[in-house]
Amino acid sequence: MSGRSYPPRGQRWVPAATVSPVTTIEVRTGARQELLDVTDAVAAAVRELGVDDGAVLAFVPHTTAAVTVNEGYDPDVAADVGRWLADRIPRDEGYAHAEGNSDSHIKAILVGSSELLPVAGGRLVLGRWQRVFFCEFDGPRTRELRVSAV
Amino acid sequence: MSGRSYPPRGQRWVPAATVSPVTTIEVRTGARQELLDVTDAVAAAVRELGVDDGAVLAFVPHTTAAVTVNEGYDPDVAADVGRWLADRIPRDEGYAHAEGNSDSHIKAILVGSSELLPVAGGRLVLGRWQRVFFCEFDGPRTRELRVSAV
Amino acid sequence: MSGRSYPPRGQRWVPAATVSPVTTIEVRTGARQELLDVTDAVAAAVRELGVDDGAVLAFVPHTTAAVTVNEGYDPDVAADVGRWLADRIPRDEGYAHAEGNSDSHIKAILVGSSELLPVAGGRLVLGRWQRVFFCEFDGPRTRELRVSAV
């Protein structure tokens, strides 16, 4: 299988390393904390995996990033979510971990590193306002989101 | 497949729209924030789907509601959980989102919009004190909880 | 199937009660709140279940414990996560639930009682720094982590 790159540059997707039956979406984030709508890339991965009915697992193989499902219509929602997280889980709070990103780990645990997404008729079946967000909590970095059949 | 309505009115369940192989549970909530025990409806959906061993996905297709598994024996637990959420994620905090329900979106993300529930011998297999809760964070509304085989 | 005990005492694992196709890992915790790296036990369960490709469900059948995936290399990360949880979700806050462990229930809901973990080629496939943690929030106790094919 081939991979997917997000966000698009020039052409919409670029290949990334994958192993069957997993499709790896490459996600390039642009800030320390950022919620990126990756729904189109996940939907493409579902088609590529050939999953017809059931579910796909969207898995973040990092410890300072996460994935979630929420509203994508009004970008203010993601902004408000990000602001609450940044305010309640401050970057500097006398943490022990020397890398200075304990807040990123805490955010990743609370939001969660995977989502199981329903598929029917070969398509991702989300609610009307739902979108899939890759959540960067220690960027900017080049990240992976792995989508696989279960 | 047919659907399920919760909570019961008159007869225990009423039909709701579904598509195979998904059973849609209709959930009518009665307050802005409410944790409703929907275990019996999910167990009925497992039987209806005919899942024998493995797991079912309980998926909330909304962006201001969630699903979780926790204690259902003492209703004070759900009340305490609700109070903590309402206190730590206040309704009014100068959010950008104009609809005035950013707190609902934040709660939904932290609690999570799906649960994968183990099934064995055709039955939902939870721990002794565990129950499945539909979590309303922007009600009262008529909601859906979609249960599907994976 | 046989079970697994964690942490090791004398020999690495001891049998625990299980039913096919579930492998039950017995987890003995040593404090009220503790994040225990159970990755090796989960990896052994994957081999025992004979799952080749797809995913396994790691499910906590308790209401005051959880499971998560995060960094295991530096133990300070788990310590910082634990400290944030203990600080933001205090043990005593005038909760209604008479058992005095409402904080444990809240933590369990936010962290989550299950993880779906990707498997490929018969092995658990996590990111480079990812480990699976059993999260005790009302210990010390003897707990279960149930691993099953989905």
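Letters A, B and C mark the chains in the order given here, with residues in each chain numbered from 1 onward.
Keep in mind that, in the parts below, a contact is a pair of C-beta atoms (placed from the backbone, for glycine too) under 8 Å apart; a residue touches a chain by one contact, two chains touch by 3 or more.
Small disclaimer: the values here were computed from a predicted structure and weren't measured.
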Residue-number overlap at the chain B/chain C interface, same or different (half cut): different
Rotational angle, Cα trace of chain A fitted to chain C, multiple of 5°: 120
Rounded Å distance between chain B and chain C, as computed from the means of their C-alpha atoms: 23
In chain C, residues with contacts to at least two other chains: 88, 110, 112, 116, 150
List of chain C residues in touch with chain A within their complex: 53-55, 68-71, 74, 76-77, 79-81, 83-84, 88, 110-112, 115-116, 118, 120, 125-130, 150
Complex interface listing, chain B residues touching chain A: 19, 21-22, 57, 59-63, 88-89, 93, 95-99, 102, 105-106, 108-110, 112-114, 116, 144, 146, 148-150
